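Presented below is the structure to which this report refers.
First chain written, first letter: the chains are A, B and C, and each begins at residue 1.
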Amino acid sequence: MEHSFASPSGHPQPHQRHFNPYSENGGTILAIAGANFSVIAGDTRQSEGYSIQTRYAPKVFRLTDKAVLATNGFAADGNMFVKKVRQRLEWYRHAHSKDMPIRAIARLIQTMLYARRFFPYYVYNILGGIEEDGSGAVYSFDPVGSYEREACRAAGAAQSLVQPFLDNQIYFKNQTPAHGTSHPAHLPLDHVLELVIDSFTSATERHIEVGDGLEIYVVLAKGSTPQVLDRWQGVTEMTTTQDGERMFVIRRNLKRD
Amino acid sequence: MDHFPTNWGRPRNDTIDPYGTYPIHQRPKDAFSTGIQRTQHPIVTGTSVLAIKFKDGVMMAADNLASYGSLARFRDIQRLHPVGDNTVIGAGGDMSDFQYLQSILDELMVDEFCASDGHTLGPAEVHNYLSELMYARRSKMDPLWNSLLVGGFKDGKRFLAYVDLLGTTYASSTLATGYGAYIAQPLLRRAVEGNEDTLTKEEARKILEQSMQVLFYRDARSIDQFQIATVTAAGVHISEARKLETSWSFAEGIRGYGAQTQ
Amino acid sequence: MSIMDQNGGSVIAMVGKDCVAIASDLRLGNEALAVSSNFQKIFPITDRIYLGLPGLATDVTTLKERFRFRVNMYTIKEEREIEPETFAHLVSSTLYEHRFGPYYVEPVMAGISKTPSGGFKPFIAATDLIGCLNYAKDFVVAGTASSKLYGVAEGLWEPDLEPEDLFETISQTIMNALDRDAYSGWGCIVHVLTKDKVITRTLKARMD
């Protein structure tokens, strides 16, 4: 099993088989910011190669009452990264008696990712939530910490399927408004939820690593009414505090094939 | 630090060689350069582990073989290990790494017992501990080469989860490692998914036994002797080693199996 | 870098109600360097069949001529126009002749076929580079933006679109997919085929 090769220096060296510390676990995540809400979603399939490891492994995590983090890529790195972010947020709470604002969480995530520049977390992150001014926010990151605030972002296995659809439906790219009208800057919540569900059913149809289940987190700014959510099935409220931002999760099934 | 000055090479001198054209000294490859060995590959290996949830708890199965490449080297190795009163772990992959893990976990349980704070580690805690350990070791590029299943029953709750050499974790009502993931997992899912709360202990045992039989027929690194661990409210029970019932009469007419007539 | 991605380019075809549409970009590149913004990838085969050939540009040109020759031979021998189904098999077998040294193109076909009762039926198909046929009831895609085209088409397409609605759907699909693909773009062309006419439009798209 072991082979010997002559090294450049002439000494025979045992051939070292390479240990690969990374893997890819499929799945897709997506986040859309509204005027006073933010929607963060991910499918729940975890796979490696052609094998489905489990049909339910969450990729979207509540960080605070107003911040949600979605991770995609190498699951072990993702889970560990979320764990470390939560730890830092807890330390912040102990030091400052309040939750870290989302733009600060975004910067924290950048420094944490860049700290591992030469052994990166193989994870694409999308952070969603409510800004201190009450506006919906989405921040997206690359594995080594480059980030920007956006209105919408898809990442993961089906990013290439979903992102151009979102360009069209959220940013109205390649659509010209009728004379005397303009495209809305932000879409209403129920419209956004429809687009999220359409995106994931489409991705499930054409990508083998996407499917099984869908978790949609909805974060509502202080004072906004959650009436829209009444007509949705499978809504669970996750808010832990009074008169602050409110958080909900909608769980749905996706095709399992 | 290399303590041999002969290996340090010629220092660079900016007045003589401002553009650094003189080749940077490469330390010669000698006996010391291969002194640290960590990136490894499994040597003595175990194959699949299967586990399912059932009405009263969790059941796990693994055969008793530890292979050395294609050689069936150790035919009476235990690959299921109890951790405390509520947990069992099963391992595929490198058996020496697994036995090292057993000693770590046994020590951990002793430490926890000595704390005598009224807490005991359940399956969730053991799984979390293992996932941190496995992830830390992979991050040092010095992995423990195993796929582990952790099953248990504590405080009226079933627990079943996976962790491997990369620190990858997941939970499901049916789990299988190694070849079992390809061969047995579909059978387990068909039998168990949706029936977790109705399957009896006997039915669960039968499902695992049938799956072990299929694996024995198709996995060349398996053996027809296996054990089953059951974790319920009553605690951990690991069965004696049992023989699989197999039938080879079908092979009679197949060229390549039985005695050949031509 | 795959040979298939050397020159870039994408094609999509869609089915509507008694009509079909086929669209492509107009870019020709040498890897990331764009060379032309009017490179034709869709060719009329008959009045009712259009063929899209995304892939290696040299093979696009070769195959276009080759199919023209073979369709002409068919027309002369049979003394009738070739039907889309037949043409699809012609494409398939032409490519499979080169099974172990293939042309680097993934043809996409759109056509209106005649039914025995004298009616008309929309037809689309695509093949891989060695001629494995893929008939679809909804849409087929190929080229460097194929994954993006799948995503947008899966979200926008619906059954029984009228010609003008089908035009809008295929145009939005290809433009938004192209804008996310570095190897396709630089303008698009769309053909909508009905039983009695072909509407061809060049779209005003992003040129970056």
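As a working rule, contacts are C-beta pairs under 8 Å (C-beta built on N, C-alpha and C of every residue); 3 or more make two chains touch, one makes a residue touch a chain.
What you see is a predicted model; the values in this text were computed from it and never measured.
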Open item on the list: Let me check something: if the centre of a chain is the mean of its CA atoms, which chain is farthest from chain A?
Closed with: C
Open item on the list: Comparing chain centres built from Cα atoms against the global Cα centre, which chain wins on proximity?
Closed with: A
- [ ] Go ahead and note the Å separation of the Cα centroids belonging to chain A and chain B.
- [x] 31
Open item on the list: Nearest whole angstrom, what separates the Cα centre of chain B from the Cα centre of chain C?
Closed with: 51
TODO: Indicate the whole-number Å distance between the mean C-alpha point of chain A and the mean C-alpha point of chain C.
DONE: 35
- [ ] Enumerate the residues of chain C that touch no fewer than two other chains.
- [x] none
TODO: Quick one: which bits of chain A touch chain C in the complex? Just the residue numbers, please.
DONE: 158, 160-165, 167-169, 173-175, 198-199, 202-203, 205-206
TODO: Write out the stretch or stretches of chain C touching chain A in their complex.
DONE: 147-148, 150-152, 154-156, 171-172, 175-177, 179-180, 205
- [ ] Show which residues of chain A lie in contact with chain B when the two form their complex.
- [x] 1, 7, 9, 11, 13-14, 16-19, 21-23, 25, 46, 48, 51, 53-57, 74-76, 79-80, 119
Open item on the list: Going by the contact rule set out above, which residues of chain B touch chain A in the complex?
Closed with: 28-30, 34, 39-41, 69, 131, 135, 138-139, 141, 143, 162, 166-172, 181-182, 185
